[in-house]
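In order of appearance the chains are A, B and C, and numbering begins at 1 in each one.
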Amino acid sequence: MNNNSPLFLAIRRFRRHKLAIFSACVLVTMVLLVIIAPLFEIWLGVGANDVDLYSRMVGPSLAHPLGTDELGRDVLLRLLYGGRVSLFTGLTAACFAATIGTVIGLFAGYFGGRLDAVLMRLTDSVIALPLLPLLIVLAAIDLNKIGLPQAIVESEDVSFYRIVLIVAITGWTTVARLVRGATLSIKEREFVMAAEGVGATHVHIMFRHILPNLLSPIIVAVTLSIGGVILLESVLSFFGLGIQPPMASWGNMLTNAQQLIWEAPMLAVYPGLLIFVTVISFNFLGDGLQDAFDPKAEY
Amino acid sequence: MRRFLLIRGLQSLVVLTIMSFVIYSLIGLMPGDPIDLMISANPNMTAADAAALRELYGLDLPVYERYWNWLTTALSGDLGYSRLFGQPVLDVLIPALKNSVVLMGTAFVLAVCIAIPIGTFAASKPRSALDYGVNLFAFAGISIPSFWLALMLIIVFGVFLGWLPAGGIAADGASLLEQAKYMVLPVATIATLSIGSYSRYTRSSMLEVLRQDYIRTARAKGASRSRVVWKHALRNAMIPVVTILALDFGYLFSGALVTETIYSWPGMGKLIFDSVMGNDFNLALVALLFATALTLTGNLLADICYAFLDPRIVIGGEKT
Amino acid sequence: MDKQSYIVSTKNLSKRFNTKVATEKGWKKTTVAAVSDVTLDIAPGETLGLVGESGCGKTTLGRMLSLFYLPSEGSMIIHGVDVSTLKPKQVKPLRQHVQMIFQDPVSSLNPRHTVESILTEPMKIFSKDSAQVRREKAGNLLEAVGLSAADLSKYPHEFSGGQRQRITIARALVLNPAFIVADEPVSALDVSVQSQILNLMKDIREEFNLTYLFISHDLAVVHHLSDRVAVMYLGRIVEIAARDSLFNDARHPYTHSLLRSVPTVVPNKSKIGRILQGDPPSPIDPPTGCPFHPRCPHAVDICRDTVPALTTVNSAARHEAACHRMDDIKQQSGGPL
């Protein structure tokens, strides 16, 4: 491997970011833990959704390392399974949004002219909207009324798909602007003309020649947006509009914690702390990647 | 400049019109309709009665016709009646707007007064302990879930310490001190979130300016670092910051949905949340449109600020 | 020779671009003529050098002849096909006969593609060869331009500027084209590397039976490679001739000034003539009459009113020049250089 390759330099710059590295470790640990969550179920001998009304809100013990909630469910297990949902929603929705943004940005930047004008006005308009109130409305609409079959409306995962979709259709704008800007500059490079000169189609040029050169800024943007997505998911779930119980998510675990502040204050602390740690880790990681990929970065 | 304003204003108006239709349609997709609510309130109503009522209210019409009817009525000044509050929509909206401006305005001023100095200090001593501290705080501000921060503050100050009310607003005619007590926690919550991003913007914008040649010239002529930062650089560093602030200006009126809801602060944010959750169609529609219009205005304001502050920006071939 | 047997044959070729200019009252739409009224032929095996200052339209002409821009006016027959009648989508089959070598070897190679994928891409588009065959062909081409087949798996950043330019030359050869447009192919390279690349281009011209349009602002480089040379000024060809006839017997005052600007081995041997005054006029607002008249020391009234046509000076050398006063100037100055 050549010691002056851009990737090598990027890795070297990234290694200077101790916080970013630490965050990456935190996130990897967290992902591993939520993957092996079923092992914890076996170890503790209860399921994450198992209700036990005889041991409600008990403190930490060997049987329940972090105690139980108001329905006697094991808090540790619910945190692990909630983490699955929150992390998975964050990743999926951020990638989905980035895909939409990338396609829109590529088309706008590559073809320019009127298409660019229309797409960018659309982007500006979406950016200018009050996001959270509209998300609340989108999360509240009745899926029966838009003609979805009953089987889908009542399926358990529908709240997950709904939230991914909602975040994606509102969250693509950052990536779209970023990709458009970068496309504008890259399409002036002569290799694009060279590809045209050997008869490559526009789609081929956009996706095989331009897109690979945009991957690092897109990766940075996605990393930085995952945190925001997790925050959105948690707030919607907290208000009962996101992931629906009994499926646990860090957001919906806080819904009832508010009323139980006296009896079990820790119920309100754990999920929020995990959201906070996860989101800040993604933000530190994204920041580190940004500096690593940015050749101008000084600080 | 006038032409630019006109074009941008018209654009915002077009977006607002489109959004009014989108929001109208979305609201129509929420569970239940006014007649369903009447049926549940009055068990004697038959299916035939319901159908007749639907026709009477024009609910059997296609969505664009209903939208048109609503729009013409609304433009004639009749915004309808709030089901939840039993009052005309406007009578509910105006006090909420006032409450939001008081809350958000206080938080906004507080955040700006704290964030710009600390951002500037951080930039004037890059890589110092203060710089790291500001950076850490800024990251915490954009990463903390607002509802959780609110919950924690309520737990600590409202419940355990009991120093401050956990939510709500002072009764009319209460003393200023009493009113302020209710505002401390929500203002702290909102300000914490904005201080993070504002100070980061200030810091990076200041660092950008300090790299410019004219700053080096000023330093070369013997001006001290702090003099350069505060006298020469601050003005130019503020250009992007003011743009961001103007962008947030729209939120002053549309309220902080999460914070207001958790602290039961009767502002626009809580109003939107309650009306959407409570199937108050008229109120939700108007409140959402209001919020949209105000955010669009904030964006317009940001553009104007940018154009005015940065003499390099030429709009429509015309120096501003 | 009959028109069809030329590789390139253009008649009254023009290219205009739409653009906007800033005026007192905001942006105004206008057109700029980058290339005007160009008539030229290039025979198979011939190398035509194209010289001129930057902004004179030589790159635009090169891109037209390599099929990146369709003509606004006039006709353009390339490899037997009248391009001016084609729609953009019909151009593709013709592309395998016309290729381009770019100026900047850094920007003309995609940094995310290996040499192999750069070289096999044209084959993927135009032929049905198997991956194995494509790889073999790419390896052979690399060897033909002085690199090794082992370099196929490397990325562009692992090569020097000269080596990269060898890769772009190999890419231009992949489709076995008849005609190659080289737009300033050595101006971005170190002087020490320039001659290597020029010699490579000479060698492959014989080996692959190529016809070149060689664009450069550097007369020495053009002299090295060209059979004929055309001089462009403000979108028009002002003089065109066989190489030696142009260098020894230039007629157009603009060509004179270009030749004088070339550093000579023995300084002050010739009287240093008037060096060109001012910048070339903007093609957005070109002067009336002869495009060169505002800077021409010999301009008279007719130069300000009428555009001079290319007229034959020496039919044996196919020497043509566009100047109203070339006969007078020749007598005055007693011949150039």
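Things to note:
By definition in this document, a residue touches a chain if its C-beta (ideal position, glycine included) is under 8 Å from a C-beta of that chain, and two chains touch if they have at least 3 such contacts.
Just so it is clear, the model here is predicted, and its values are computed rather than measured.
Comparing the centres of all chains, each the average of its CA atoms, the largest separation from chain B belongs to C. Of all chains displayed, A has the C-alpha centre closest to the centre of the whole protein C-alpha set.
Measuring from the averaged C-alpha position of chain A to that of chain C gives a distance of 52 Å.
Look at where the CA atoms of chain A average out and do the same for chain B: the two points lie 23 Å apart. Averaged C-alpha coordinates give centres for chain B and chain C that are 58 Å from one another.
Not a single residue position of chain A touches two or more of the other chains. Of all residues in chain A, only 121, 124-125, 127-130, 132-134, 136-138, 140-142, 145-146, 227, 231, 234-235, 238-239, 254, 257-258, 261-262, 265, 268-269, 271-272, 275-276, 279-280, 283-284, 287, 299 touch chain B in the complex they form. Looking at the complex, you find that chain B touches chain A at residues 11-12, 15, 18-19, 23, 26-32, 126-127, 139-140, 142-148, 151-152, 154-155, 159, 207, 250-251, 254, 257-258, 261-262, 269, 272-273, 276-277, 284, 287-288, 291-292, 294-296, 299. Those residues of chain C that touch chain A in the shared complex are 66-68, 92, 95-96, 99-100, 102-104, 107-113, 121-122, 125-126, 155, 157-158, 168, 171, 174-175. Chain A makes touch with chain C in their complex at residues 2, 4-6, 189-191, 193-200, 209, 212-213, 215.
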